[in-house]
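Multiple structures are listed underneath, in structure tokens.
The following pair of complexes shares a single chain, chain A, combined with chain B in the former and chain C in the latter.
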Partner chain A sequence: MTRDVLRDGALHAARRFGQIVFVVLGIAVVNFFLLRLAPGDAAEVLAGEAGAATPEFMAALRQQFGLDQPVHVQFAKYIGNILTLNLGYSFRQGMPVSWLILDRLPATMLLMGASIGFASILGSALGFLAARHAGRLTDTVVSVVALLFYATPVFWIGVVLIVVFSVWLDWLPVGGMATIEAGYTGIAYAVDVARHLVLPALTLGLFYLAIYTRLMRASMLQVYGEDFIRTAVAKGVSPRNVAARHVLRNALLPVVTMLGMQIGSILGGAILVETVFSWPGLGRLAFESLFQRDLNLLLGILLSSSVLVVLVNIAVDLAYRLLDPRVEIG
Partner chain B sequence: MMSRRAFAQGVALLALLPAFSLAPSAHAAGEPRRGGTLNAIIQPEPVSLTAAVLAAAPTGIVGGNIFDGLVKYDLALKPQPELAERWETSPDGRTITFHLRRGVTWHDGKPFTSADVQWSLEHVWKPLNPRNPALFRNITSAETPDPHTVVFKLAEPSVALFSMLNGNGAQILPKHLYEGTNVLTNPHNAKPVGTGPFVFKEWVKGSHILLERNPNYWDAGKPYLDRIVFRVVPDGAARAAGLEKGDIHYAPLSPIPLRDAERLAKLPTVKVGTQGYDWLSPWLYLDFNVDSRHFKDARVRRAVAHAIDREALIKLVWFGFGKAAISPVPSTLAAFHDLEVPKYPFDPKKAEALLDEAGLKRGPDGTRLTITHDFLPYGEDYRRTGEFVKQSLKRVGIEVTLRGQDTAAFTRRVYGDRDFDLSSSWSGSFPDPQLGVARLYSSAFAGKNIPWSNGSGFRSAEADSIFKAVESEPDPTKRIQAWKRFQVLAQTELPTLPLVELRFFNVYSSRLRNAVTRGDQIFGALTEAWLDEPEKKN
Partner chain C sequence: MATIAIARQEGGRRRARLAQRIRANTSAITGGVILLLVLAGALAAPVLYPGDPLDMVAAPFIWPGTDRAHVLGTDMLGRDIAAGILHGARVSLVIGLVATLVSIVIGVTLGALSGFYGGRVDAVLMRITELVQTIPPFLFALAIVAILQPSIPSIVVAIGLTAWPSLARLVRAEVLKIRHRDFVQASISLGVPHWRIIVLDILPNTLAPVIVSASILVASAILTESSLAFLGLGDPNVASWGGMVGAGREVLRTDWYVATLPGLAIVAAVLGLNLLGDGLNDILDPQR
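This part shows the complex of A and B:
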């Protein structure tokens, strides 16, 4: 069975590859023209930050940034870059876009990985618990807590956690990713980063947690109503086994879909949480590049992001097949 | 009418003002203590660390610790020796000789010489200075008779030059690292090599910039701090939390909302101070688009001036961090500031009379005219200023549509497309109005899409001729008279309405001493600063 899945998967991947190229190129073209609708350019932003400028200085900047060239030339250059897998150069930052993205990637992966892992595992567990005890106290408590986390703005949770755990209790650092002045290495550094990670991962995770809990609960309750569950119960399978073997596995599909969507958004980062906790991730990089009109950088992040989304979609399709062999891969 | 509650708040806030320490950190008795890491905040994250190529404030704050200037400015804004030990100006004002400090080395160990100064003048200050290249183009040549002497030859005498010679206004770059490269894209702009008290160590983008003590600094025994970490903390609430907790020792350039500053100033561990900004002398103003339908009439501009109660604006929006501005030359530039300019006291009746006179009668709904107001998109304080203006003008029958946008859209709209009626902005005047004020009124900048330069579109041959004359006038008294003539002209025509002389503030830990010892401290080094022993935790 597993071999079948793999063979189908390979075929599927090959077919998909052609689609990917077109989808990604289409996204790139749309992005390029869409972002040019924003008023102002990178040279004006730089001169604006300087608080002063002269016409000569502005002209020098525009020439350096390549903004003095007509749009079709800039576009041709951009498409040429993409086709040679080159994400371009950020003149504002003075670095190739790919370096800038790779530079921020570890911080983003760590934050998103920790929060999605925490949220999906704990969230699914809570959802499972609520569904098994549907209508009873456990269910009510779990559902109310989930609703509360879902409805509370992320930045507000972040600030409250900072005030409680950093300022009042003084257990955890206010923000950043490491204690720079301490110069930790090895294990001590890992512990230090972990201490910095707790609050932002928790803040981001609590929102996702609510989603997973609600999704898992609803999905399981739906499966409980299916005929094959009644059959299982009728033939004397213990409630525990019914829940774990028959219901859980079938209820996982929507959770996997959600997981795929969230992993796809990793490159977009979590702008609010990264901002509140001074976390040096990709979300802030993308957000700031928009305000700075650093279009090369923004286009690079968007393009990488779209590639990731397409790839994760394929992985999710494959996971469906593994979880439920009845699913045909189209 | 101001609501009673708002008025009560204003009074309450005034009563709180003495809580702010206006002194440059109460100097504790005792010797400076060596060592320690200063945790500072830099926000927004700089683009470059080299002020010579980018005059942005965050660049100046970090880079000021890495570079020295020929001179620095004391609290009275008088030039004091830094890399130049002494200097002479010839009687005709056309030759300035600087005697450079001996034994100074760049952070990479190479000696600092007059050739560095000469090269920086020719390849950086003259072609690239974004603030005032004309000031440096007036220097026709720099001669280097020996490695420790540099002689500037000026086409015309220049009094203002001596207000721009610190490490920010005329930053000296190491010739051996920049010669033959494109100065704007040289990688050292992001990892600078200077001669200053702190050495650049690392810059992790999005996280922090680390500087370490320069053990070979020419001012032996200084600096006192071992390290400075400038952290990038994008969220205002997180900055306030870090300061409250004591994790952050130093946060310059009004780092937190005024509301939080008021709260933190009451803590025993936190101080709020406004010194160190005199070299910048920032002021807030409204630009009338003098080409727009209504504001081409000076009477309408004057009516707006009479309709705004600046004292109330300062109390309610700026929490007392400011002084009502009566002229485009702030009172911090005491020699130039003119008290005799035409003034526009708060007088809604007069405003209405002026609008009537201009033919703008109240319509059936009480509205005389509708205008747009683009406020400076630099955060809450400027947005609330915009709301205050809207409320004030509504009272005299001017309906205001507030427009918010991001900075790029704002500068394009106001300075590029000129699609606005009224905008707000702030500018630094610098110690001589020639450096910071002339740009806002000179016709050479009108409609050229240069951010923060002549937003009103004002064109006046008289103003232009005054700017031309003061550039080369060697007699300080005559220059002052010329600037007073300009201020009367500016306040009569009123293309730009001065609102508030802003008082930017630093928030710092009470453990930090001597954080402000110079008038250009905001862009200068923390050479004298030291950290006291931490308080014992209970």
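This part shows the complex of A and C:
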């Protein structure tokens, strides 16, 4: 029994590892061709197109990437570099690309975690409420609000929240992640970061709040139509208990699936939110690289965020298994 | 007791279904009307505001409602905001429609081939689809536009190339449903060329879900386009909603209307398309 579980686990891990390698290779191919599309040769692009690198460095780069050699050799070298986790060097930032990415990752994870937590919990609650009162006023109000947030661009929500809460009311900071000049430590620092986090997390979360609300509502209504709910009702289980114990549990599954599917889009939203609020994460780094035409850094971010998407999906699969023991992951 | 509970539950479901039908028609009509208004604005732009909306036409920072000649006021460079919004509607609608068309061509082709041939073709095409789905779409579009340089064609290509996977999966699933029906099998045994079967027999049957997704795709293309423009990756030669919001951020503290007004236009266009898509989905899919 235990051995079976272990073997399954090992097989599963091997499959997943294969998936990650496939994704990395696939995106490396995409990146390689994107770089070749850029004006100028790859060494200029890699050096940041700004003459920030010395001629010796450019020559070294050309040799490293074999730009004097045929395309297939260049391609092999590029793939080799990526498989050894060498994403190159950012001359604009004066640091290896992989360092920069690892340096900015925690801020983005914090922002995304806070937004997803807020959106999924409140969204599920609102969807639950709407489904319980389907066709009544509560449902209509919740659905209309969800629809509005679903249609509102993330960056615009950010701008409006800044106007209201930072400029007019002066309750929360306009941007950044901490008040650096205050030199807070310990709990005071945590509170300070939390205050900076509120608006960006709300901004990023509202769009997904709308999605989870709509999804939860539809999913609840669907579960209400199943036979086992009829049985529970016939047994005399109170409506409140049917809703909370039987329907809610089963309706949560699609919400979890959605989380996994949405992670790439949330990362995209993070670029906008981090730009609006000067939040020092990966998205802000992507914007800086764009602004400085540091294309190699941009493509490095593209690659690592895709890997992040795969990793999150693996985690979601595991969570799914815990929520619903019937699910076999093969 | 229990019978009453079941009866009550049935009543609730019937009420929910009725509400659903009313809601479907209301949202399709509301969405359609909003969309027609946006379209009318786009068509009226050159008549109401001839000339380049990027030109300075008045003093800067005229607040909305203070000057009859400039209903929505002017921005920090003295450009008319209403002119920018109406001309921006043209750009957003054109980019949204053409990019969606690109996605439909890619998605329907790959989905149809995958579903029709199955086997190795399916395995390879679905692997590619999964790969593209793994790359965060906005970041991907951003990289493509950054490398090709911002222009309307490059934005269309970027959005079109990143938005097709969901459509490919949808079409594949629909084709799988139809592929083993008698009329398709009959055509195959008659020796009708495969492309004819796909185009004439199968694809017309997938039209309803494709139309529904198309309206949602146009909405998300408009969102993507405005987000790109907000980050400074819009075509520099045309007025665009996202670009106006982005530029207005600099004067947010004092003249917040510059950044916020164009956003309302984005909300209207996207809301209209989403409502239309939702409504059509419920109307065309009678099981729900």
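Please note the rule applied: the second predicted complex is superposed on the first by the 263 of 330 C-alpha atoms of A that agree within 3 Å, B and C clash if a C-alpha of one lies under 4 Å from a C-alpha of the other, contacts with A are read in each partner's own complex, and residues count from 1 in each chain.
Everything below uses one rule, namely that a contact is a pair of C-beta atoms (placed from the backbone, for glycine too) under 8 Å apart; a residue touches a chain by one contact, two chains touch by 3 or more.
These numbers come from a predicted model, not from an experiment.
J.: Mind working out whether A:Leu37 is in touch with chain B, chain C, both or neither, as first, second, both or neither?
T.: Only chain C; A:Leu37 stays clear of chain B.
J.: Output check: A:Ile162 vs chain B and chain C. Expected answer is one of first, second, both, neither. What do you get?
T.: Once the two structures are laid over each other on A, A:Ile162 reaches both partners.
J.: Thinking of the overlay built on chain A, is A:Pro70 touched by chain B (first), by chain C (second), by both, or by neither?
T.: A:Pro70: touches no partner chain.
J.: Would you sort A:Val233 into first (chain B), second (chain C), both or neither based on which partner it touches?
T.: second
J.: Give one of first, second, both or neither to describe whether A:Gly18 is in contact with chain B, with chain C, with both, or with none.
T.: After superposing on A, A:Gly18 lies clear of both chain B and chain C.
J.: Quick one: classify A:Arg104 as touching chain B (first), chain C (second), both or neither.
T.: first
J.: So in the superposed three-chain picture, is A:Thr275 touching just chain B, just chain C, both, or none of them (first/second/both/neither)?
T.: Both chain B and chain C are touched by A:Thr275.
J.: Mind working out whether A:Phe291 is in touch with chain B, chain C, both or neither, as first, second, both or neither?
T.: Both partners, chain B and chain C.
J.: If you lay the two complexes on top of each other, which residues of chain A touch chain B in one and chain C in the other?
T.: Residues 38-39, 155, 159, 162-163, 167, 275-276, 291, 293 of chain A touch both chain B and chain C.
J.: Quick check: in the complex, which residue numbers of chain B touch chain A?
T.: On the chain B side, the touching residues are 37, 39, 44-45, 47-48, 54-57, 127-128, 130-133, 182, 184-185, 187, 189-190, 204-208, 210, 227, 229, 231-235, 237-238, 241-242, 244-245, 247, 405-413, 416-417, 427-428, 439, 448-453.
J.: Per the contact definition, I'd like the list of chain A residues that touch chain B in the complex.
T.: Contact set of chain A toward chain B: 38-41, 44-58, 60-61, 64, 92-94, 100, 103-104, 107, 155, 159, 162-163, 166-167, 170, 173-177, 180-181, 275-278, 280-281, 284-285, 288, 291-293.
J.: Hey, which residues of chain C end up touching chain A in the complex?
T.: 1-2, 5-6, 9, 12-13, 15-16, 18-20, 23, 127-128, 131, 133-140, 142-144, 146-149, 219, 223, 226-227, 230-233, 242, 245-246, 248-249, 252-253, 256, 259-260, 263, 266-267, 270-271, 274-275, 278
J.: Going by the contact rule at the top, pick out the chain A residues touching chain C in the complex.
T.: 22-23, 26-27, 30, 34-35, 37-39, 134-135, 139, 143, 147-148, 150-156, 159-160, 162-163, 167, 221, 224-225, 230, 233-236, 239, 264-265, 267-269, 271-272, 275-276, 286-287, 290-291, 293, 295, 298-299, 301-302, 305-306, 309-310
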